[in-house]
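Naming follows writing order (A, B, C, D, E and F), and every chain is counted from residue 1.
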Amino acid sequence: MPQIVSELNMAWVAVATVLVFLMQAGFMFLEIGFSRQKNAGTGVAKILMNLALCTIAWWAIGYGIAEGGGNDFFGDSGFFFHFNQTVAGEAVNGETAMLMLYGLAFCAVSLAIVWGTTLERIKFGAYVIYAIVFGAVIYPLVAHAVWGGGLLSDIGGKPVMDFAGSSVVHLTGAVGAFAALLLLGPRKGKYDTRGKPRVIPGHSMPLVGLGVIILWIGWFGFNGGSTFETAGNFFGEVMLNTQLAAAAGVIGASLAVYLKSRTLDVGMAGNGAIAGLVGITAPSGFVEYWAAPIIGLVAGVLVVYAVLAIDRLLDDPVGALSAHGLAGIWGTLSVGIFGSARLVSEGAAPGLWYAVFGNEPFSASLGQFAVQGLAVLFTFIVVFAISIATFALIKGTIGLRVDDEEEEAGLDISSHGMYGYPEQFIPQPEYSTGLPTTLGSGARAATPAAAPMTATEQ
Amino acid sequence: MKKIEAFIRHEAFEPIRAELLDRGFPSLSIIEAKGSGRQKGIIERYRGSTLTVNVRPKLKLEVVVEDKDKPLVVETILKHARTGEVGDGKVFVLPVEEAIRIRTGEDGEEVLQAHPEEGAPS
Amino acid sequence: MKKIEAFIRHEAFEPIRAELLDRGFPSLSIIEAKGSGRQKGIIERYRGSTLTVNVRPKLKLEVVVEDKDKPLVVETILKHARTGEVGDGKVFVLPVEEAIRIRTGEDGEEVLQAHPEEGAPS
Amino acid sequence: MPQIVSELNMAWVAVATVLVFLMQAGFMFLEIGFSRQKNAGTGVAKILMNLALCTIAWWAIGYGIAEGGGNDFFGDSGFFFHFNQTVAGEAVNGETAMLMLYGLAFCAVSLAIVWGTTLERIKFGAYVIYAIVFGAVIYPLVAHAVWGGGLLSDIGGKPVMDFAGSSVVHLTGAVGAFAALLLLGPRKGKYDTRGKPRVIPGHSMPLVGLGVIILWIGWFGFNGGSTFETAGNFFGEVMLNTQLAAAAGVIGASLAVYLKSRTLDVGMAGNGAIAGLVGITAPSGFVEYWAAPIIGLVAGVLVVYAVLAIDRLLDDPVGALSAHGLAGIWGTLSVGIFGSARLVSEGAAPGLWYAVFGNEPFSASLGQFAVQGLAVLFTFIVVFAISIATFALIKGTIGLRVDDEEEEAGLDISSHGMYGYPEQFIPQPEYSTGLPTTLGSGARAATPAAAPMTATEQ
Amino acid sequence: MKKIEAFIRHEAFEPIRAELLDRGFPSLSIIEAKGSGRQKGIIERYRGSTLTVNVRPKLKLEVVVEDKDKPLVVETILKHARTGEVGDGKVFVLPVEEAIRIRTGEDGEEVLQAHPEEGAPS
Amino acid sequence: MPQIVSELNMAWVAVATVLVFLMQAGFMFLEIGFSRQKNAGTGVAKILMNLALCTIAWWAIGYGIAEGGGNDFFGDSGFFFHFNQTVAGEAVNGETAMLMLYGLAFCAVSLAIVWGTTLERIKFGAYVIYAIVFGAVIYPLVAHAVWGGGLLSDIGGKPVMDFAGSSVVHLTGAVGAFAALLLLGPRKGKYDTRGKPRVIPGHSMPLVGLGVIILWIGWFGFNGGSTFETAGNFFGEVMLNTQLAAAAGVIGASLAVYLKSRTLDVGMAGNGAIAGLVGITAPSGFVEYWAAPIIGLVAGVLVVYAVLAIDRLLDDPVGALSAHGLAGIWGTLSVGIFGSARLVSEGAAPGLWYAVFGNEPFSASLGQFAVQGLAVLFTFIVVFAISIATFALIKGTIGLRVDDEEEEAGLDISSHGMYGYPEQFIPQPEYSTGLPTTLGSGARAATPAAAPMTATEQ
């Protein structure tokens, strides 16, 4: 392949990488917008810390496990990624670096999804520990199985088809979120004395909107870049599928929530877009344009009912379990339904649709559908097992959840020492950054003993 | 008539409101306040430095009632607002000379009276 | 001296302020409040579920006036604050023992008096 | 053309497409920032719903009308865009898909402009209906006329020159906005008893700023991508023109507003940037660098006076009529003034400037100027006619405007069931997501009868 | 007992709070208010047009004290709140019939008394 | 070089240009978030005006001085950049235009850094004047010296190595900020009667977070695009270094601040990311992957201690002196420590590390380190001299700082006539955009005499 082709491919991947990293801002604002004001600042510190730790973990270990050749279960080269190294038999060069960075961006997205269920009550330390385990082990194992030539890349000759990661990235994140939630429990006041769920509205729909649009935009890099090349301008087809499904997701969710509550819920419209995008992630490179809106529409309707159903039992403020978990499963399976003969990976069979309405062999399609199901199962088991263990460990050691007083006061003041919107909670600086006397007590207060929540009588 | 002013914790409001409603006192007002008292201020940290905020957010409850209803309302407030910790706040009672319902223009104690149908929990 | 406290709808404030100013009462204060009364709470919907907010935003108007000016001020408030719908609010009158103008330290009723040039619309 | 060239071209168009889609966030925040807090959330739902419906309408019908060859008035192929289809005689492939998606991004921008005049009082249903008509018919007709080989692509041998859409996209949106406004009327309280306009400030200048910068950034894709190729790095020239005009627009508007009111209005500085960008949209590929700042400066000054003049009669909260309408007209005409011989389309004549100060034949330049004027006229008539009809239909059926109580309460609570900044309007969750009693009434309240505005006595 | 209500500038609060604390009055409340008086409104400009806001942000200070402490507290407020410019605000004194400390339920003047350890600057 | 290669290179630079322009939004939100609500709107007007003036100044003069060949000190061609012009002996074409625009984006970033120290008290006029001087002279002189074939491109045979501008861009901005601060002084109330610093918290951590992520994303274009080409996919290596250092910066700063104050400060985590990015800017193209996290970590720790130390003497609300100044110096010097033999520019020597732990000649490495130090010194002297002179001139003429009343009231109302969050400060429009009487006075008030701060008795 002439050098220029590789360079064009990598330039495209570079663009996609930037777009996928941008999604971090999307998740940040989705979470901040769906949190109360007293928990608005912690989301910033969290996203930065997560991205940071995940980056180092991926560079040191994760990348090697995911892409480092090796066996069915994990790669064995590429650790502490550096020059003069061979990864899966190839010498490291600019192209390898670019692809390694692109892989990291995906890992970071998957991790960001995890925290959606944990808002407003988790200990900051939990992010730190889990982020490292996730970036070094959890995500890499799944990525290796499907994309790294591992177990799922060949099941009885049939490969799992997950173009950009409905299950590898999104389901993985959602399962981590599920494990965390089980050990964490709901926010104070989420369920009343009779166990009925109560509404705890987030504080800013505009920020939620910012998050959703950023995610939507980033997805063009997420799916479009997963071609890894520009050959045949195939990325154009992938991007169009992505847009069609996202649109249908918005429509589906808006309709569903309107029918249920007679109002057009802003957050649900956003969840619908995300569900549509998550749904099309796996099939974006394998289905025809007409199938994309169908996949998105189903995902959009699904997310509304799922959010309402789950809310009865589990406290998932941003709807991560529904939008990333269930929509991720649907997306993975939908490849087995709508996969088009001209697009499916070699060895794979077209979707059931073509068997039922076309003349593709039914058995083969069913087999492929089963294989897609296997990917879901595998992802769930592996991720859940390691995640629940990790969170249990955290719970048993440093603790997983802040105490009631801290939760009541909000994570901003209790974990970060300052509210996310300082002036909305404290008197104006004009009269708070006071006189010598104030400073004096300020100084005294610096001792742990006088932490906000433990302020003692004078 | 008396005006009952209470500085309470935010958490205490909903139970007070609900019980007052049950007892036939649907009418009240709340105002966001900040206060200092025996309870110490909040210590904040910003960019590595420390800052003390000397007032804490409180909720000010205002209810105007007939003289005879005052004890009942005060007792209801005390019941739900007390945690035993510093910062529970205080209740003050002030005299009111006149009360007028704007909608009807009618004045006097009756404008404070609970209306039969208001007895039921809303 | 009397303190007039009125809980009104936000929309009613500007006309009240303007007329009081014309009549020579430029001095008043307002405070954001929330209240419940006969008027029902707001029903909100969020992510498909329902939530009732039991208090509605109101505006609290506070004006301290000489005894003789009380009727005029109350009447002005009633005039503009009345829509006839529930939620119009109430007016309360409390006694005031002392009033001091901080700027000058002077106290007594005269600090409440309208200053000639304040008679004109501002 | 070697495959790699097509791939590089499409990779560039892909980048531009993403940038143009990003502009949706720009419009969203421009509108949210210029709205009051009680109407902050609806902008999110609107932008999502619009983009969604416009996408489906464009895919099913609009694209075919715009780009599907056909006659002078509309295309006749490419409906329900799919594989194994020929559009305007060419078989659908990755490149077609990419260009189709790029076209959609433009259509969505044009639609987003429409709503600037309708803030804080329009019924949500109106968005739904108009978005479909707009994406399926209105924008495609104009795009076909100018860019799809239609009527305006050859007027007596002279083509209309609108490089990236000062009239096709921006004027079209503004005319739709004008039609909507005529039938909608001003916001309650915008004009006093004597018809004097009152100021109704938006609620967040930082969000306005976010919107402006995002739009500015997106414009590099909007104009730069309209080269559809990388040949000769011409996109570099286009992007530089774009930047120069935007800069001059800010300067022009800031100066103008400062001279008028002695303060440097934040919103006007933003409008100036947008006006400069709208102004340069048509000429960006046809004029020399020195002309760009002139075009932008004029647009910037124009927008300030236009906003103030229009405000006396029409309630246009974001200044869409001025920044997109008048600036769009100015931009389209400016090609007839500054069009450079080395750059103008074949068959077209250079601008009047070169006839007056150079030795280009005056008549030809005047003819070209007239042709540019025709484009403005055509766009206005077509868009206005269909739009006014559509909005009249909406008004006559489901209604175009919310009732007074709903407008007073704000669209967030009345159309979406929740405020955009819940905690700023409702008591804190701690005491609002209350006790059993509350829940009870909450449940009761779920019946339409108990909608917020119709809350009955107890 | 007396309730002292003062409308002051925000800047004046911290010195008042600090001195009251030193003098053994740690307990007070503040509320955000807006007011109009002799001081003119704020002129704002938006998109080239002009808008007058007729009320200015003020801070309302509320302190309930024993009768004997009233002069001292009022004087402290005047001392720090006076700039001599219009807009300094006013102080009003209202009668209070009853005061109850929620935490303990005890009532009467003693609940207002400064506690020894509260005498020291916090 | 075949045309297609140049086109691919420029397409990549175009992408990078857009990313670097996006950084303007990053700086805007960093500043807005760290300001109080009463100064939230001015940041928007400032960023727009700066970008605008800087653009025109660069087009007219700056670019020529920076890139126009010429002598050791300044270029002498390319002024009023236009077609049919030769710049440094080459005819202007699409490629030149693209690179000229990329250079502008860098200049604008450098300028944006300047204002971090001046928040909440500077006169708007100061922005106007300094922006022109900076874009026309200050930045161009430094850029010419290092990148334009000037003085620092060859010091005794050794070139200064500053890959993307740790000193050329970031230190330059920080030195300007330092000069401004010296003449401006601290905000009212920043230091108490005894000179002890007081905390003046900004008003929105979510906006700070938005700024940080945008900057992080933009940096991929900032460093990655500085390859100016795609050859060997080298941009991939640069981008990976960038990500590793940013991550380490977050970790370093978070650890440091946690150890100091026992809370995980949100703003400091953000400063850490920026410091890491600034630190890696110079070395990103010259060091191995393993060195990047080290460089970032040091920068991250450095920024925390620097912010606290500087706060004792100088009022730098966003920490620009630390994050851009000291981190910029560290980054420039770090090339002399970690520069890798396979990557350093020709004529340059590898870093001291390789002399100490490897067998590179020590003297040569030390020489290179000294050369890097010279760059810092040169940048400081040139920028400081011209900046202090300019600001002194401003102070002596129109004045540099608003008066106390205006500062107390906030720059939004005093310089821009309106608060940045109108509804949070003024009564709701319902009762403020009042009746005829109001309007009357409104009209009267329009006279300068009745400016907010000078409102007279009635």
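Everything that follows uses one rule, which is that a contact is a pair of C-beta atoms (placed from the backbone, for glycine too) under 8 Å apart; a residue touches a chain by one contact, two chains touch by 3 or more.
Here the structure is a predicted model, which means the values were calculated and not measured.
Engineer: Hopping along touching chains only, can you work out the least number of steps from chain C to chain D?
Structural biologist: Between chain C and chain D, the shortest chain-hopping route counts 1.
Engineer: Give the chain pair, either A-B or B-F, that is connected by more C-beta contacts.
Structural biologist: Looking at B-F and A-B side by side, A-B shows more C-beta contacts.
Engineer: Round to the nearest whole Å and give the separation of the Cα centres of chain E and chain F.
Structural biologist: The mean C-alpha positions of chain E and chain F differ by 45 Å.
Engineer: If you average the CA atoms of chain A and of chain C, how many Å lie between those two points?
Structural biologist: That gives a centre separation of 51 Å.
Engineer: Roughly how far is chain B from chain C, centre to centre by C-alpha average, rounded to an integer in Å?
Structural biologist: 19
Engineer: Give the residues of chain A touching no fewer than two other chains, as numbers and ranges.
Structural biologist: Those would be 4, 8, 11, 15, 198-199, 201, 210, 261-263, 265, 408, 416-418, 422, 426-428, 430, 432-435, 438-439, 441, 446, 457-458.
Engineer: Residue numbers in chain E touching 2 or more other chains?
Structural biologist: 11, 14, 17, 21, 26, 30-32, 34, 38, 40-41, 44-46, 50-51, 54-55, 86, 94-95, 118, 122
Engineer: Could you list, by residue number, the parts of chain A that touch chain C in their complex?
Structural biologist: That would be residues 197-199, 201, 257, 260-263, 265, 267-268, 304, 307-308, 311, 319 of chain A.
Engineer: Mind listing the chain D positions that touch chain C in their complex?
Structural biologist: Contact set of chain D toward chain C: 408, 413, 416-419, 422, 425-427, 432-434, 438, 441-443, 445-446, 450-452, 455-458.
Engineer: Under the definition above, what is the set of chain B residues touching chain E in their complex?
Structural biologist: Within the complex, chain B contacts chain E at residues 2, 6-8, 31-38, 40-41, 54-55, 58, 60, 74, 77-78, 81-95.
Engineer: Going by the contact rule at the top, pick out the chain B residues touching chain C in the complex.
Structural biologist: Chain B reaches chain C through residues 1, 3, 14, 17, 21, 26-32, 62, 64, 94-103, 105, 111, 115, 118, 122.
Engineer: Quick one: which bits of chain D touch chain F in the complex? Just the residue numbers, please.
Structural biologist: So the residues of chain D touching chain F come out as 4-5, 8, 11-12, 15, 19, 36-37, 189, 192-194, 196, 198-206, 208-210, 212-214, 216-217, 220-221, 224, 230-237, 239-240, 243-244, 246-251, 254, 261-266, 269-270, 272-273, 288-290, 293, 342, 408.
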